[in-house]
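By letter and in written order, the chains are A, B, C and D; residue numbering begins at 1 in each of them.
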Amino acid sequence: MLSKKKCVAMLLAGGQGSRLAPLTTYIAKPAVPFAARYRIIDFSISNCVNSGIDTVGVLTQYQPLELNDYLGTGSPWDLDLRFGGLHILPPYQAQKGGDWFKGTANAIYQNIKFIKRYNPDYVLILSGDHIYKMDYDIMLQEHIENGADCTIAVIDVPLEEASRFGIMTTDEKGRITEFAEKPENPKSTQASMGVYIFSTDALIKYLEEDEANPESENDFGKNVIPAMLADGQKMYAYLYKGYWRDVGTLSSYWAANMDAIGDKPELVLNDPGWRIYYRHSFNYPQYIGENALVTNSICGAGNEIDGKVNNSVIFNNAIIEKDTDIEGSIIMSECHIGKGVKIDYAIVDHGAVIKDGVTIIGDRSGDPVIIERDSVVSGDIMEGGRK
Amino acid sequence: MLSKKKCVAMLLAGGQGSRLAPLTTYIAKPAVPFAARYRIIDFSISNCVNSGIDTVGVLTQYQPLELNDYLGTGSPWDLDLRFGGLHILPPYQAQKGGDWFKGTANAIYQNIKFIKRYNPDYVLILSGDHIYKMDYDIMLQEHIENGADCTIAVIDVPLEEASRFGIMTTDEKGRITEFAEKPENPKSTQASMGVYIFSTDALIKYLEEDEANPESENDFGKNVIPAMLADGQKMYAYLYKGYWRDVGTLSSYWAANMDAIGDKPELVLNDPGWRIYYRHSFNYPQYIGENALVTNSICGAGNEIDGKVNNSVIFNNAIIEKDTDIEGSIIMSECHIGKGVKIDYAIVDHGAVIKDGVTIIGDRSGDPVIIERDSVVSGDIMEGGRK
Amino acid sequence: MNAVGLIFADSYDVAIDELTAQRTLAAIPFGARYRVIDFKLSNMVNAGIRNIGIITTQKYSSLMWHIRGGSFWDLDRKQSGIRFLPPYAYEGVNSNYENRLEAMLAHLNYLKECREKYVVFGCCNYVENVSYEEAMKLHVDTDATITCIYTKNPINKSKNLHVTTYEIADDGKITGCYFEDKLNGSQKNVSASTFIIKREELIQLIEKASRSGGVSFRNDVLVPLIKEGKVMACEAKRPMLFIDDLSCYLKSNLKLLEPDTRKQLLKNEDRPIVTRVKDSAPTRYGKYAVVTNSIIADGAIIDGEVRNSIIFRGVRVKKGAVVENSVIMQDSTIGTGAHLNYAVIDKDAVIQDGRLLSGYITHPFFAGKGVVI
Amino acid sequence: MNAVGLIFADSYDVAIDELTAQRTLAAIPFGARYRVIDFKLSNMVNAGIRNIGIITTQKYSSLMWHIRGGSFWDLDRKQSGIRFLPPYAYEGVNSNYENRLEAMLAHLNYLKECREKYVVFGCCNYVENVSYEEAMKLHVDTDATITCIYTKNPINKSKNLHVTTYEIADDGKITGCYFEDKLNGSQKNVSASTFIIKREELIQLIEKASRSGGVSFRNDVLVPLIKEGKVMACEAKRPMLFIDDLSCYLKSNLKLLEPDTRKQLLKNEDRPIVTRVKDSAPTRYGKYAVVTNSIIADGAIIDGEVRNSIIFRGVRVKKGAVVENSVIMQDSTIGTGAHLNYAVIDKDAVIQDGRLLSGYITHPFFAGKGVVI
């Protein structure tokens, strides 16, 4: 209600997510369904809400229709506010012509006006395509205590994987002394999560400078962060130790889904102190039939399950008939799996129909079999071949 | 709540409104303030709500930030619904590249997916830049009774102005026999208001055909309507007889504002049966001071008026000091008019400051003087000269 | 639909004290994720009713919290929406009311302030998915003063309670209305206590009945009109599940295990039954879960055996527990090795390890809200 | 702020029966577009309070309709928001309550279910723009059990009513609390009936006072703690306008005509006073309008003379009418040639052409809701 916000979050949701194709053929990566009820973006938005940040700009560009529709008024996240709340920020045309967002920094630059409206002391930059539960407020407190211009969240990665990430070297107080984007010989194992807190003045200054530089790719990791570091700005690393998964590939996406099942799942979804909010579609409670055996799985609502399901993730309103056996797979909403079907290591996308008697078996050493959205499968698929 | 809507409205709000410059330098034309409290687009949206249409897609393109922010969740118009409601539809990128909206028909074509979600029988196409109070439901009933494929709302214009419009010729039953875009020798005085109702199947068929035609400009008036007419589709004119103003030029914009003042204003704003809804900014009631004389004017909230105001439209939170005389002018929100000022036939845009003693007099035979947004005026401006 | 809805949230003619000790009838949980009022509210909203008053007398706090501003039903509108009508809210409304006539009389100002032409009003002693549009069409077409919704198949209606039945002529006109001691096989047409009438006529009828000392809507308003031949009957054709007492309540819940009942009551996409959103996690099934012929809500964690049962949100059935023919309400826990049969367990209860709790379909075992056994 | 807000909507120690005949105290219109509760609600929301309970006992229907789901204050949240606490809502809450202690005792379950650390609670017998953050800071810094908000300048407090005053030591500790017959010049520190306390301590204190037969929050809770030296005072520094009786009400409204009062109370952009959105048209001034030193709400149509007055939304002052030193509430009409001086006209009233209605500042003329004169 006050005319000012302490911290505004800007969520970059424009990525095409091409390595997740064909799941991203029709929808933006942040809108890809996850863990029986959610979309990938629910985690970042819920993190904001749970961290006390109630003003979130979502920057969209690629296939935004389903994402826009999913975000809607922001009400599922309690972000339908009169002052603040969730706002979708698409590219636009101005008087002197307009353009698509170029890099991540340009996307924020084009929306400085949005940020200024809330007059925040701090801006949190996020990407909408990781699965994690993080209290940004703790990071913000560290940022404030350090009197930092910019704080970058990092996770500790195995040394052999470090060259896939942006790697920070820090002094004993956590201040960043060096930053290397995908270094061949990494000097540390602190990898950037793509989560930044900037003091607003510093952010705007460096965004404007970056925009004025015609050689810049207008990217935070490649341009803005190195420029700030070169200028001796106070930049700190914030070490995050909780659950965090990049779901950039089909097999990492599959694995992160599997993290939510089991007696003591790595990814806990029913923590009342850290709810993950999501938009509800209309549905009804699920019915488990006479012939069913559902074990070590998570299931959404509205399903009618009469087959055997193990180590799997079942979304909403799916029908799984009897004498069917589903193992280690992800079945998305509105799918219909017939009788006598066997599915092992597959992702069955929204609305697909698997006819009676079909066998689908993936090759566990590679990506899972993907059954595309709304497709009808009547023949067997074996060992990682794509339909 | 039902999973289907009878009629969905698509509101074209992408126009640049260059003839309204400089009022449209930073904001889209539909977001231009109007009549002390409103924005131009409030009239079309309120018409929808008052006509029982609760699903409105707003197609944006040019300078949408302030418009998006103004529309927000749709709550001011009671359109923050779980099924239906107000949705902003910006241009976007799809897998095979994306593009800005080309013509009006292409803008709707790119959002067929949005329309289909609500499975409507009818689609209402509107533009967001006219001032009128029209019950679309009456037009829809006529459309249904006629069994029409398309119904076009028309107004009767003076014959000498008819060549500025799209002109319909109809048979005795109102069926359109001919359509001419800005004809030199108009055959009738029935001018298109740019308000169309289509039966959904016909709309989608012709949009798809139009899109497939590389020579089309993808415009309703120039391409889609003539193509349908050529095919012998059932097209009817619906004669609208109420208040309607195009506010495409500065002087027509000024005149339409003036229509809302007076004892029996042409444009009635306080009709409880046809409310015009708008987004409230935070404000407080207005205070009229010891030295004030406010006559024949309309005023928004939060003003502090201590001068003389006649035949004028005063928006919100303006300060008008004593010994000042405002006649036939429009003063937008947050303006500060000093002491001893004289303003006659001017539009003072948002946040402008007029210093003590300044005289601003427009030339009534031309456009009003425009004082640009946030400008500070300390010298006199006489006879239609631009600052 | 040009009608205002009026819902009586309290109990008339039911005997389900176990579940109404701490909440009004309309707030009773039903069907794994709903509350009873969700059905009436959704039916009204699905018929296009946008203005709904809810008459409450006591223990309506959980009902208010469930419904909030009505946003889950898109009823948080500017010019209309949900309006609670509790005691003492208006000048002159000073006491609790014992019957529907008195309740409507107390809130007559509400009815007078509405602008809708018709009123659809009714009680919450059953769950159903009914088309008020069809009833309204019949009402308008036949020019009746009142149209009464009834059922020929009152599923799980108690045989021990008073029941109102109608005698109906071939043309659909009601020719008699009887308040009988108990349900028996010979009665064909059981009242669903839901009515359609013009708003202004209802106001006049209530004022008239009240002036002449009337105390019962049925006896003092409906019966005289039936004698004048002005009352039509409209049959509700989809299943109507009564919750007259605890046994009926259990049976009506278990009735949802039949695919056809589920389909007609819950799964009609054009007529969704909407409830409050809870943001529960997905249902989690553990290694040892064995679930058959059961309805399981989201947020439940199941690692035991569940058969022929209804499991609400957030319920935990631990490894080795067995739940049969039972209803377990929200956030209750069934401990390791516990065995439940024909039980109704209210919210937040804890059934400790190894307990054997067994009732029968006619006499279910009941555990109250928050008890530890 | 980690606090729940609790607002007593009903009158204690006020005598403004004219305006409370049909509405609870908190619902009284004030300042051309507000209701009294808007000030308390906005103060709480501006302090970051997100969970607010409103205790009502009677005639709270217009209050509920004004506040709806709380969306105008961004209070229609999932995990918190506005909660009405009317009589009979909970099991065991069976009667009306006569005082604040009883009211809180009746709704102790609400306080117990909250999770916030502190409670800010108070009455609605004045309007003010106060910083609860500052009061909370003082409360935490001094480690007080209770912090009481008071004013040294009780503007328009009635001189004929009981008043609670504090004796305050130099360190800000309250050393005495007096319930006096009437306000006189010698009292310096007048209670604003608004308090801050830890939620769990409040629950314990209420339970303890109730067990020992206490009936008054002031006498049975506050005074004993003062004796223990555990109560701090926090001065409200911005104007506090009381509405103890009709004369005070008129004077407090007219006080808004002073620029400084308006600025401190209404125009603080960081502390907006938010009210329900009405979608009124702009104010329309006619050819014959002559308005000076007045506050005019939107939706009003003014074609007569208005001086030193407060005009609410939708009021119509016709040509030739004169309104001076008066408050005209929503949607009332002042006819041609009518002349009003020192009048308070409630909502929807019609003053017909040519009427001369004149009171005095100490005895305003009053016209009730909807009357035609």
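Some observations on this one:
By our rule, a residue touches a chain if its C-beta (ideal position, glycine included) is under 8 Å from a C-beta of that chain, and two chains touch if they have at least 3 such contacts.
Predicted model, so just to flag it, every value in this text is computed and none were measured.
Farthest chain from subunit A, judged by C-alpha centroids: D. C-beta contact counts were set side by side for A-C and B-C; A-C has more.
Work out the mean CA point of subunit A and of subunit B, and you get 39 Å between them.
Taking each chain's centre as the mean of its C-alpha atoms, subunit B lies 47 Å from subunit C.
Counting partner chains per residue, subunit A has residues 3, 75, 82, 277, 282 touching two or more of them. In subunit D, the residues that reach two or more other chains under the touch definition are 71, 78, 269, 272, 274, 277, 279. Contacts from subunit A toward subunit D in the complex involve residues 1-4, 78, 81-84, 277.
Contact residues on subunit C toward subunit A in their complex (touch as defined above): 31-33, 71, 257, 259, 262, 266-267, 269, 272-274, 277, 279-299, 301, 303, 306, 314. Residues 3, 25-26, 60-65, 68-69, 72-75, 80, 82, 85, 87-95, 98, 100, 111, 113-114, 117, 282 of subunit A touch subunit B in their complex. Of all residues in subunit D, those touching subunit A in their complex are 42, 45-46, 71-74, 77-79, 269-272, 274. By the touch criterion stated above, subunit D contacts subunit C in their complex at residues 21-22, 56-61, 64-65, 68-71, 76, 78, 81, 83-84, 86-91, 94, 96, 277, 279.
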